[in-house]
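Notes follow the structure.
Labels for the chains are A, B and C, by order of writing; each one numbers its residues from 1.
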Amino acid sequence: MTKRLDGRKNDELRPMKVELGVVKSADGSCYLEWGNNTVIATVHGPRPIFPKHLANSEKAVVDYRYRMAPFSVGERKSPVPAKRDKEISLVSGFSLESAIQVEKFPNTVIDIDTVILSSNAGTRAAAITAASLACADAGLPMNGIVSAVASGRANGEFILDLTKEEEDAEDAVDTAIGVLMPQKEIVLLQMDGFVKKEDWKKMISIGLKGAEKVYDFQKNALLKKYPVDGDINE
Amino acid sequence: MVILMSSINSVDLVNSKEILESIKLGKRKDGRDLLEYRNLEIKTGFLPSADGSSWVKLGNTEIIAGIKFVVGTPYPDSPDKGSMSLNLELSGLSSPNFITGPPQIDAVEFGRVADRAIRHANIINFEDLAIVPGEKVFIAFIDCIAVNADGNLIDATQLAAITALMNAKIPKLDENYNIILKEYTDKDISMNLKNIPVSITFDKVADKIILDSNQVEELASSARFSLGIVGDTVTSCHKTKGGVFSEEEINFMIDTAVGKYAEFSKIILDSRK
Amino acid sequence: MNEKKIVVPGDFLTSEIKKLGSNVYINNNKIYSSVIGILSESPEYISVIALNGAYTPSAGDGLICVVKQEAATGYVLEFNSPTDTYLPKSTLRRKLDVGTVIFARIANISDNDSIELDNINILPVGTIYSTSCVKVPRIIGKNESMLNILKENTQSNIVVGKNGWIWFSSKNPKLLVRALDLVVKNSQKSNLTNSVKEFLEKNKTK
């Protein structure tokens, strides 16, 4: 088994660092560094929805926005949202919607904003992971936490959490997988590549294990924000 | 989603009425003097993808600036000079009052005022950004994102932009003048460090002149005046909002801004690693 | 001594049969937490005390509301909740302005979730401190102990809304806000009332 460029094992995630509640004016927020990805996610809501005709009388509308800062990629990206951004926003929103108990808040909107400040593959997984934390931080009632990760293949090996260099490999396959934990229900699944059925199943299985690692990280982050012992902090 | 103009938060509106009496007595809710800035923190060079970056925290206002160099064509009237472009985005990220979408007038105004404070200071040697005179130049795009909006976005944006510039590195080019990603020359942007630009923004609240308003004070403000200062020189100014200033007040603000220059220019210079 | 247990959304709590309180849900006879909060369990009953979250109106609650808009026959009131509410002009003896602060009680919540308010009091010019409704019990404290400590040590007039909006008029606004921030940030800790009292006594003269 050849070592990866950055020395990681095949099923190893890049280092992650997180801070909750960074945006004081938001109901919940999360700053996440994941490898060379940096993302901020905020949650506002549930709150009144405008215009009123967009309201759903049975549940909250989840409005998820995925954006990349112009300076987040190699070549400066225009601030105008691309079609890719809109598509990612849509499917990511669905993945969070399955976690949030939206029926509790009819006729409202939950605004989730994610901004990628630096990008090195796996940004939509990083954004969903951060957004999940921001939702939990906001105290939204949820059935579980959405943990997302990229699972794929590069240079003949099945690997987790591909970097940009690995995504560019000739035989690269890249799957973004989002999982509702602890139920292990798949809520996001998108793939690009060329892969046989057996290898596909292997990739999903590896992806689910990766999501568990992300989930452990997310749980720790939430528990760390509320220490029960020790002196009070200002 | 339909895009709305930034709406005013009810709690801020209520609180903006309450502060009027205290401001008249020279007292601010957070204990500051009328002409005192909030606590300032600056972190630079923290974004791997950007050519330069800065995170400014001015009280609870936080702005992130990222620099990306792009190879472009020069303006016809300055064929051997590169240029800069400053853009500020106020989104749903930074405040419950903003909704993400095309730039609203606040973002446009604040971004342009911050831009002028830097541009007219003549700090950047734009000639040194020329690659092939008349044909190819570097354009420095400074994109600013508000992470937390609690007043005085103009000064915070200008600080983020200038400190990001202080730490930006010029990318390497290949033989066809295309940028080689992730490779940098060891050249910083050529700058006249004697001309460090400082932006100072005043608000008029209950007939008192104050500096560095927070969100609530901004709502209570009837008139605003932003100055770009280099040393004892005024390089740009911008009066906004519907209220009025007397000639005395304008001169007072210019004297005060010049008085603040040394402190801020040192902070900006010190951010350069 | 009871060790406080913090749980997160989706955490499995028990498969015993218990009465469901707030912030828990049941699936296949297993009970889970739906929020981040402190587990509260007895032999018959299980709930989670949320550490953050939106306000859901409950009859009898006293609220701080702000007039957001005037309509033909009433006012739209905002009260730190996912939806706004409507106050008919017929219930009032005077006209209200946009930005007026009201303290009122929820008399009744109708079938379609609309709220009827009574005991309407218009508050004078003051400041609103905004936090999540889940923090209110700690800001009030047992027998109003925390609230009294805040009032006395900062010389403040304080009216607490169950909806997480706290109206105040204070001689020491900065100290009061710092103390409130302290409660909000440390709401999961024990002995909070004493800690806040110590903090206020230490910082009083500043």
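One rule holds for everything that comes next: a residue touches a chain if its C-beta (ideal position, glycine included) is under 8 Å from a C-beta of that chain, and two chains touch if they have at least 3 such contacts.
Fair warning: this is a prediction, and the values are worked out from it, not measured in the lab.
Undergrad: Using each chain's Cα centroid, which is most distant from the centroid of chain C?
TA: So the chain farthest away from chain C turns out to be B.
Undergrad: Using the stated contact rule, I'd like to know whether A-C or B-C comes out ahead in C-beta pair count.
TA: By number of C-beta pairs in contact, A-C is the larger.
Undergrad: Report, in whole Å, the distance between the mean C-alpha point of chain A and the mean C-alpha point of chain C.
TA: Once rounded, the distance between the two centres reads 31 Å.
Undergrad: If you average the Cα atoms of chain B and of chain C to get two centres, how far apart are those centres in Å?
TA: 37
Undergrad: Got the chain A residues that touch at least 2 other chains?
TA: Touching at least two other chains: 47.
Undergrad: Quick one: which bits of chain A touch chain B in the complex? Just the residue numbers, please.
TA: On the chain A side, the touching residues are 22-26, 36, 38, 40, 42, 44, 47, 50-51, 54, 63, 65, 67, 69-76, 79, 111, 113, 115, 117-120.
Undergrad: Write out the stretch or stretches of chain B touching chain A in their complex.
TA: Residues in contact with chain A: 1-2, 4, 46-51, 53, 60, 62, 64, 66-68, 70, 87, 89, 91-96, 99-100, 141, 143, 145, 147-150, 179, 181-182.
Undergrad: Would you tell me which residues of chain A are touching chain C in their complex?
TA: Its residues touching chain C are 27-28, 45-48, 60, 99, 101, 105, 107-108, 136-145, 180-183, 219, 222-223, 226-234.
Undergrad: Sort out for me which residues of chain C touch chain B in the complex.
TA: 66, 68, 78, 98-99, 101, 125-128, 130, 165, 173-174, 177
Undergrad: Would you pull the chain C residues touching chain A in the complex into a rising list?
TA: Touch list, chain C to chain A: 3-4, 6, 8-12, 23, 25, 27, 32, 34-36, 50-54, 82-84, 132, 134, 178, 181-182, 185-186, 188-190, 192, 195-196, 199.
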